[in-house]
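In the two complexes that follow, chain A is the common piece, with chain B as its partner first and chain C second.
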Partner chain A sequence: MSASLLFDILVTGLITGGIYALVALGLNLQYGLMRVLNVAHGEFLMLGAYVTYSLHMGWGANPLLTILVTGPAAFVAGLVLHRLLYARVLGQAEAREAIESRSLLLSFGLLFVLQNTALLVWSADLQGYSYLATPLHVLGAVFPANRVLAAGVALGLSVAFYVYLRRSLVGKAIRALMGEPEGAQLVGVNLTRLHGICFGLGVAMAAVTGSLISMLFELTPFVGLPYTVTALVVVILGGLGNVAGSLLAALLLGVVETVGVYFASSDIRLISSYAVLSLILILKPSGLFGR
Partner chain B sequence: MRIRRRDFLKATGGGAAAAAVLRGRAWAQAKPIRIGYTLSATGPYSVGAGITQGTGYALWHEQVNAKGGLAVKGEGRRPIEYVTIDDRSEIETAVRFYEKLMGDDKVDLILPPWGTAMNFAVAPVANKYGYPMIGPTVSSNKLKELSFPYFYAILQQPDACMGAFTGFLKELKGQGKVSKVGVAYVNDLFGIEMHSSLTATLKDTGLEIVDTKSYPLGVKDLSPVLKGFKAAGADVFLGLTYPPDNILAASQAKEVDFNPPVYLAAVGTAFPFYRDRFKGAEGVSGIAGWNPKMKNPGAREYYEAHVKKHQKEPDRWASAFAYGSLQILERCVGEVGLDRKKIKEMLDATEFQTVAGPIKFAKGVNVTTPGMVGQWQKGEFEIIWPKALATAPVIIPKPAWA
Partner chain C sequence: MAASRALLAAVALALVGAPWLVTGYQRSLLLAILADIALAVSWALFSGPTRYLSLATGAFFGAGAYATAVVGGRLAWPLPVLAGAAVGGAMALVVGALALRLRGPYFAVFTFGLAELAKHTLIWYETRVTGTVGRLLLSPPGPWTLYYTVLTLAGLAVATALLLRRSRWGYALVGIGEDEERALTLGIDTTRVKVGTFALSAAFMGAVGAAMAPRWTYLDPQVFNPLVSFQTVIMALVGGATTVVGPALGAAFLGLVSELFLLRFRYVYMLALGLTLIAVVVAFPSGLAGIGRRAPRERQG
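On to the complex of A and B.
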C-alpha cells in the first residue's frame, strides 16, 4: 500500500469523523448529561441545513457564514423547547429510566412535527446547491474542497467547545453535573438553568452541523435520522458524558468506515461501524473512554 | 420542480371532497367513477413519486373532468373521483390500503403506487381481486417469472435499458472513443437487477470493466468509488443509480476531478431538476424514454399542459409513461366499459397510441418501446440512442463539469 493511498484514506476518514464529532457532541450534552434521549437530534440538523439552503438560494448568503444565524437561532429555539416541553415533562421524573423513556417519547413526537413542518415549507423534492465544489490537491491526493472546509469547521468548533468546557465557569459547572449531579447542586449549581443551556447548545450544534453538510448533500426532510443514529453510536463508543471521548470516537469511526469503504465497498460502511461498536460494548461496556 | 403537499392534496383529496359535496345533487349528475391508489407524499419515495407519477394523475383528472368525465361505453361520461392516501413510502401501508380499496370499498378501477418495490408488493393484491394495474415506474426482470396476469409493466425493463447502454457503448468502442468502464450500482433490487442485465449484455462488446463497486441506498460519500475509477483509467462512468446517489455522484465527480468522456447514470438523470442542479449538466447521459421533441402524437401538448398545470416540466423517462398508462385506461373504458375482465382482454390484445409512443403488451410487459439513452444538450434531454429515435447526435467527449 502506497503512502499516498494511506494519506488519502486517513484524511478522508478524518473528514467524515470531523462532521460526526460535532453532531455527536450535541447529543452527548443532552444524553450524557441529562439522560435526555433526543431522537429528534437529526431533525434539528435537517432544519439547520434547510435554513442555510434558503438563505443561500434566496439572498445569496455565504453558506459558511450562515452558521452565525443558524447556531444562535437554534440555541434560542432549544432554550424555549426545553422550557416549554422538556423541563415540564422531565421535572416530575424521579428515576433515570423515567427520564429516558419520557424524553424518548417526547422527542419522537417532536421528530414527526419537525419533519412534517419541513415537508410543508420545503416540500419533499431533493434540494441542494453547489458551494466550493472544486478539487483540492494535497500531496498527490485529491479531496473535495467543501468537505475539507466543513470538516475543518466542525472539528474546530468541537475542539473549541472542549476547551470551553475545561476553562470556563459554565463549562466547569456542566462537567460537575456530569460527574456528580448531587454534589454539584450542593455547591450551588443551578440544575434547571444549566440543563436548558445544555439542551440549547446541543440543538445549536446539530443545526450548525446541518448548515455545514448542506454544502455537501442534497436535502430532503428525512436526512436527519441517520445522523441521530451515528451520533448515538459515537456517544456510546466514546463514553456517556465524555466530551473528549466523543471527539476521538467520532474520528476513529470516520477512519474505520473509510478503511472499510476503500478495501471492500460502501455497503460495509454501516457494518464496520456497528462492528466497532459491538466490539467495544463487549470488551469495555462503559465505552472507549468511559469510567 | 416541486409538488407541494397541499397541491397534492388539493388535486387528489380535494377532488374527492368536492365530489362528496356534489353527491347531494346527484340527480343532476352521473355517478362518479371511483379510482383508488396510494402515492408516497412523504418518505424516501416521495421525490420520485411527486416528479413522475402524482403530476400525471392530477393532470389527467383535471383534463378528463373538464370534458365532463370519463367516457364509459354505454353510459356516457362520468366524472372521476380519486380515493387516495399518502402511503408514507411504507409498503405495508400501501398493501393494506389497496386491500381495502378493492376488498371493502370496491372502487371501479385502481392506479399503481410509485416504484419497483411498491408495485411488486401491490401486484399480487391487484391480481387477487382481478383489477388491471399498469405500472409506469417498475423495472425488473423478475416480473416475467412471477406472472401476475392483471399486472402490466409499461416502462422499459432492465434488459432493454442495459441493452441500449451497451449498444451505445459498443458503437463508441468501434470508433475507438472508449474502452474502459467503471460500474457503480445501488445495492437494492433495482441496482442489482440492472447490474446483472448489464454484465450479461456487456460481455461480448470488447469493453473492459476496470472496476465494479456497489453502494447502499442513502450513501453519503462516493468519492472513494470515483477516485478508484479515475485511478483505473475508466473512460466510461456507468452508474446504476437512484436519484439521491445520482446527484451525489455527479457533484463528487466534479469535486475529485473525474470527467470521463462518457458519463452514464440511471434514475434521476432524466429529471429536469438534475439539469438545473448541475447548470445544464451538458453532456451527461442516462436512461431515457421520452422528450417533447419526439414525434408521438400528443407529446408536445402533454408537455405544455404539464408545465401549465404544475409549473414544472415532466421528467424525460417515466413521466410520459405514467400519463400514457392513463390514456390507455381511458381508451379501454371508452371501448369496453368498466368490466375489468374485458379491460384486461383489451390490454392483452391491443396496440395503444400514447404520448410515450405506441405500446403493446406481451405477457404483461410493454414490448414496443426500446431502451433508450438520453443526453443533456443545451437544456433538453436529447435521445441519442437508438439512432432510429434519436433527436440529436451524441456529444463526446463530455464537456467539463459546469
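On to the complex of A and C.
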C-alpha cells in the first residue's frame, strides 16, 4: 500500500469522522445529561438538510450561511419540545428505568411524526443540489472541496463546544450535572432549565450537521436513521456523557469505516455498524474510554 | 369473574363462527386484526410485567415468515407454523441470553438493531449467495385454514397470558419488573425466568409471522419491518401493557385503523401513529385500561 493511498484513506476517514463528531456530540449531550435516548436525533438532521435545500433552491441562499438559520431555529424547537414533552415525562414519579424507556418511546413517536411530515412536504424522491463540487488537490491526493468544508465546520464547532463546556459557567454547570446530579442541584444548578438548554443544543447540532450534509449528498426523508445509529455507536464507543471520548470515537469510526468500505464493499457498512453497536452493548456497555 | 368468563367465551364463539357470516374482505380484515392481537398479547406477556421494552417483534415475526417461505413448499400445514415458532423461540433464546443483562434503553436499542441487522444481513446473503432478493410462496393454504390458524394462535396467546398471570412464574416476572435485584435476592432465577418468557413470547411472534406469510405470495427481507415492532408496542401501550385485555383491545382498535388507512393514507397514518405514541406516553402512562381502573375512584373523591 502506497503512502499516498494511506494518506487518501486517512483524510477521507477524518472527513467522515468530523461530520460524525458533531451529530454524536448532540446525542451525547442529551443522553449524558438527561438520560433521554433521542432516536429522533437523525430526523432533526434530515429536517435541517431539507430546510437548507429549500432555502438554497428557493431564495438562492448560500448553503453554509443557512446554518445561521437552521441552528437557532432548531435550538428553539428543542426548547419547546423539551418543555412540552420531555420535561413532563422526566418529572413523572417512577423508577429511573421506566422513565428512560418512556422517553425513548417519546423519541420514537417524534421520529414517526418528523419523518412522515417530511414525506408529506418534500415527497420520497431524491433531491439535491450541487455546491462547491470542485476538486481540491492536497499533497498529491484529491478531495472534493465541499466535503473538506463541511467536515472542517463540523469539527470546528465540535471543538469549540468542547472548549465552551470546559471554560464557561453554563458548561461547568452541565458537567457538574453529568457527574453529580444531586450535588449540582444543591449548589443551585437549575436542572429543568439546563435540561432544556442541552436538549435544544443537541437538536441544533443535528440540524447544523444536516445543513452541512445537504451540500454533499442527495436527500430523502429516510437519511436520518442511519446517522442516529452511527451517533449511537459513537456515543456508546466513547462513553456516555464523555465529550472528548465522543470526539475521538467519531474520528476513529470514520477512519475504520473508510478502510472497511475501501477493502470490502459499501453494502457491508450498515451491517457492520449494527454489528459493532450490538457487540459493544454486550461486551462493554460503559464504552471504550469508560470510567 | 363469571361474567368476564362468559364474555370471553362469547367473543371466542363469535370469532369461530365469523367466517360463515362475513364477506371475504371482512374475513381478511378479521385475520389481520387477530394477528395483531396475537402479537400485542404475546409482546405484553414478557414486556408488560418485566418492563423490558422489546423492539424485537419485527425480527421474530420476520424470522417466522421467512422460515415459512424457505420450508413452505416441502412441509404440510401447520408444520411451517411450528417451524416459525421454533425459529422465533430459538432466536430469542440466543438474543435473550446475550441482551437481557442490559437494562432500560440499552435493551430497547439492542432489540431494535436486531431487526435491522437481520434484514440487512439477509439482503446481503440473498443477493450474494443465493442470487435472489425474494422468495415465491408456492401452493399456500386456503384463506379459511389461515383464519383458523391465526385464531388458534391468538387464543393460545390470550390463554397463556391468563394462565401465566396467576402462576408462580408470572409473579416472578412482576417481581423482576419491580426490582430485579430484590427478586434475585428472594431466590428467583431471574435469568431463566426472563430468557424463558422472552423465548415463549418470541415463539408466538414467529408462529404469527409464519401463519401470515402466505397472505403475501412473494416474500423478501423487507418483511423484517421495524413498523411491526412499533405498532405492537403502541397497541399494547394504548390498551395498557400490564393487563391481558388491554393489549387485545388496543390491537383490535389500532389493527382496524391500520388496515383501513395504512395503504391509502400511508404518511398521514404513520404521522397519527407517532402522535398517538407521544400522547399515550405523556398523558396516559398506564394505557386506556389504566384510565378505566382509575376512573371510578376519582368520581367518588
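We take it that the second predicted complex is superposed on the first by the 270 of 291 C-alpha atoms of A that agree within 3 Å, B and C clash if a C-alpha of one lies under 4 Å from a C-alpha of the other, contacts with A are read in each partner's own complex, and residues count from 1 in each chain.
We take it that contacts are C-beta pairs under 8 Å (C-beta built on N, C-alpha and C of every residue); 3 or more make two chains touch, one makes a residue touch a chain.
Since the structure is predicted, the reported quantities are computational estimates derived from the model, not experimental observations.
Visitor: What is the contact status of A:R102 with respect to chain B (first) and chain C (second): first, second, both, or neither?
Guide: second
Visitor: Between chain B and chain C, whom does A:L110 touch in the aligned arrangement: first, second, both, or neither?
Guide: After superposing on A, A:L110 lies in contact with chain C but is clear of chain B.
Visitor: Answer with first, second, both or neither: which of chain B and chain C does A:L85 touch in the superposed model?
Guide: Touch status of A:L85: second partner only.
Visitor: Touch test for A:L277: chain B only (first), chain C only (second), both, or neither?
Guide: second
Visitor: On the A-aligned overlay, A:L232 touches which partner chain: chain B = first, chain C = second, or both, or neither?
Guide: Only chain C is touched by A:L232; chain B is not.
Visitor: Name the contact category of A:L37: first (chain B only), second (chain C only), both, or neither.
Guide: second
Visitor: Quick one: is A:L120 in contact with chain B, with chain C, with both, or with neither? Answer first, second, both or neither.
Guide: both
Visitor: Can you list the residues of chain A that touch chain B in one structure and chain C in the other?
Guide: 115-116, 119-120, 267, 270
Visitor: Quick check: in the complex, which residue numbers of chain A touch chain C?
Guide: Checking each residue of chain A against chain C gives 35, 37, 39, 85, 88-89, 92, 94, 96-98, 100-102, 104-106, 108-113, 115-117, 119-120, 229, 232, 267-268, 270-271, 274-275, 277-278, 281-282, 285.
Visitor: In the complex, go through chain A and note every residue touching chain B.
Guide: 8, 12, 16, 115-116, 119-120, 123-126, 128, 130, 133-135, 142-147, 217-218, 220-222, 226, 258, 261-262, 265-267, 269-270
Visitor: Which part of chain B faces chain A closely enough to touch in the complex?
Guide: 1-6, 41-44, 46-47, 50-51, 187, 213-216, 218-225, 227, 243-244, 247-248, 251-252, 254-257, 273, 277-278
Visitor: Hey, which residues of chain C end up touching chain A in the complex?
Guide: 51, 53, 98-99, 101-106, 108-110, 112-114, 116-117, 120-121, 124, 230, 233, 237, 267-268, 270-271, 273-278, 281-282, 285
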